[in-house]
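Here come two complexes built around subunit A, the first alongside subunit B, the second alongside subunit C.
And then the complex of A and B:
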């Protein structure tokens, strides 16, 4: 039943771009500017470079085990028990990420746009939409992504063009006033937040229609997503300045509110909200789809679709419980970034080292198939 | 109250339309996992709707990564 859910390379590229852009527009400028102030753009540049390296490692790791998801890889390398435990940790990570993205939407809507609406209502509705999409399957998700992609890019371009007149180059000065350590620390947030999270795609790569996604095809969305990160962080600094970017919870939203062309073209933050909802929706759907498939594979079930209703109730409750309030949620950022990075190190790096050692001990060639 | 009824309706629907057929078809493993997820899901949903304070599991992250956080956090 699940074998029919295939996506083309083009659709996978669209999903990769949506995933990288995801929910970064709201949190990433604050985190990077929190460490590197007006040098946040340098941190973003460095982070994108390092992040592309990390994502290439994830791609390379996946290509060592063709046709296998990360759950299969863990089982293949570490056996049923130890592999199962690592897979369970991976699934907890996916579940928490999916719930966090729903919570991010809920917090934003109830603090900025619909302040009278209870958080639970937004969480319930968004979780329902996401889980309905998950139940429809990856092919439907990918086609929906293709439909919305052009609109997403167009709105993003309009937003950037309209923000350019609001930017003040003096806000970026003095350049490189922070130590290299601060800039690297800022860059690590960029590495962690979209790029380390891309381990999710190890559940999706085996579902490609074509034999495999080439490294060149994989790099294009990484570079486009990286460009979006650098543009958003740099514009936040140029338009709002380092202090406002650090202290505003949704700095890009505040930035978009500043657009005013001749006191006529105003309140264009809605464009940003549409884009934000779209990209976060896709990121959340991809994450929870991977979670459902992973759960099904780990426990050897027949079809993941059956589980979507209980998972909906679970994710709805968990996205509320995950944080007591928006301030606590925002404070989780650094620890969450470390969690993302440790996942790449342990769930991928450690597993590959064990695989290499097993190959050396058995005297076999160092590839799996 | 209506929200609790909605959760109750969803639970009954899940039980009758999905869980029972799984048991009838003999998919015991699927049914057991379904039941566990449903029970935890209903518990969390009801706590959310009735505004019961549950501790955030994410607080564990701050405890686990505390030694590293000193050098990393802004």
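And then the complex of A and C:
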């Protein structure tokens, strides 16, 4: 049954773009502007550059082990026990990411739009939608992605076009007044948040219909997603200025509120929020789908679908207890970024080094004989 | 068994469908809300007195004729914090105050002198309120008094204040609009102190509260915008008069359209209408010292000739342009001089311009910018162009028979 869930390269590209844009709209401008002020756009530019490098490494790592998911790779390289522990770490990371994404939506809805609605109601509904989608399988998710992709791009283009009249070029001045260290620190957030998280796709690459995704096909969504990141951060600085970008909880929402074309076309923020919700939804679905598949593989179950109901209840609860309040949740950012980066280093880098060493040890006697 | 399963499914589907019927979680019907249009905050001792002007829907609707009661009503409450005061309003109001449609926020002069920072946070934190309302400072009166004055052309006094300021800022140089986001940004920007437009009640303030006020053609009391309030950090320290406000707005590029007069060579006055105006401020470091250049580009037209002047000659236009340029320099430099001498801190954002152009030079100077500002060299480069003189050539004043 699982073997049927395959996606085409085209669908994979759409999923990649959705994943990269993902939940960055909620917090990335604030994080980058938090360290680099009006130079945040440089941080975003640098971060996207480095991030494409990191995700190329992820791709390259996956292509060393064709047809294998990261769970298989860990088992193959490190054996059942040590590999299992690494895989478990990876799965905990996926689960926390999925829950955090649901929590971001919950916090946003109860802060900006429905202030008197209990957080748990929003979390329950969003988690339910996500897990129902996960249960439907990757084919359905990918087709949904294709359906919504045009709308997503259209709304995003509208957002940019309508915000151009509101932007003030002088807000970006002075250029490069921050030290390189600050700009790199801002850039690392961009590297961590969409790009290091792309380890998730190591669960999905083996599900492609075609043999494999070529590097070129993989790069196009990375660049489109990167462009979206750079545009959003730059617009946020141009429209809101460094202070507002840092100090608004949801700066992209505040930015959308600014739209006013001739005092007629305004108050579009509720419509544009759909866009932010949509990309977060897809990111969350992809993450939790990978989580379910990974769990099934790790424990050798036959079908991941039996897990969706317990996982739904668990994710709902976890997203509620993950943080006691919105202040703590936002303060997690830097630590979370480090976690994402260390995942790439340990779960991929370390494993590949071990794989190489194993090859050397095994290879040596072969050469000498 | 199959029947049981089927009926269970139907029950489940119906149960889920009922979720759709419930509507919003915290919906509020229109007739449960009191729509707040104007707000005023005064400081009484250690507490804030918040007054809210609420519209009475029946009185402002177009179809039903007015029944002779006021179109708005005012609720006020006093509490230690602004938000508490807002909730305390329900002690007198029958409905919960809905703040999304707020148009103006009037701050009392005594509050402004003690600092406005504390009252502003609520307005940017509250998700309900929109941020496109204007702020103003009540001058020589309490903020509540401003909201009590009944107006006629706009039935709702808060709307009147909003549109009066909006129109005035677009067509008359001495006034300007400040929204809460702009004000907060000015408060946190280094090298820039904020200003707000002042509003006062002219005429008989007590009669202005009565409905008879608008039964007269010339109401006994009106609200009027007067000068700009100068803030040091978030505390009101003084006022600019009309000329200085005009100079300030020209420097800050706040002027869209305006009118100003010049003296004719042979006595009498001639009025120029500003059609377009753009000002750029440039900051440089020359000889180790910051130099500010204010570049003003202005397109005007002759709109009123009240003297004998020959408008058929191109030289006259040249002379007028020259005179207008001198007049702009005088306006702006006297505003800068006044601020330097009286207040001694930067309300023009010259420091901020320096930061944007030369961030490192600003770092060295920012701690003693007030002293630097007093010594600051400001240059003016004004370019006035007169393209049109209206529909007549020479004024008939030149041809009035002896």
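Just so we're on the same page, the second predicted complex is superposed on the first by the 363 of 369 C-alpha atoms of A that agree within 3 Å, B and C clash if a C-alpha of one lies under 4 Å from a C-alpha of the other, contacts with A are read in each partner's own complex, and residues count from 1 in each chain.
Everything that follows uses one rule, which is that a residue touches a chain if its C-beta (ideal position, glycine included) is under 8 Å from a C-beta of that chain, and two chains touch if they have at least 3 such contacts.
Keep in mind it's a predicted model, so treat the numbers as computed, not measured.
In this overlay on subunit A, subunit B fits alongside subunit C without clashing.
Once the two complexes are laid over each other on the shared chain, residue contacts for A:241 go to subunit C alone; subunit B is not touched. Of the two partner chains, subunit B is the only one that A:324 touches; subunit C does not reach it. Once the two complexes are laid on top of each other via chain A, the angle at subunit A between subunit B and subunit C, using C-alpha centres, comes to 110°, given in steps of 10.
Of the two partner chains placed around the shared chain by superposition, subunit B is the only one that A:34 touches, whereas subunit C remains out of contact. Once the two complexes are overlaid on the shared chain, A:299 sits against subunit B while remaining clear of subunit C. Of the two partner chains placed by superposition, only subunit B is touched by A:312; subunit C is not. More subunit A residues lie in contact with B than with the other chain of the pair subunit B and subunit C.
Put simply, the nearest alpha carbons of subunit B and subunit C end up 12 Å apart when the two models share chain A. Contacts of subunit A with subunit B, set against its contacts with subunit C after fitting on chain A, share not one residue. The residues of subunit A lying in touch with subunit B in their complex are 31, 34-35, 96, 120, 123, 185, 188, 246, 295, 299-302, 306-307, 309-318, 320-324, 328, 332, 334-339. Subunit A meets subunit C in the complex at residues 111-117, 121, 170, 173-174, 177, 241, 243-244, 257, 260. By the touch criterion given at the top, residues 24-26, 127-128, 130-132, 181, 184-185, 188-189, 355-360 of subunit C touch subunit A in their complex. Within the complex formed with subunit A, the subunit B residues making contact are 3, 7, 10-11, 13-14, 18, 22, 27, 29-30, 33-34, 37-38, 40-49, 53-54, 56-58, 61-62, 64-65, 68-69, 71-74.
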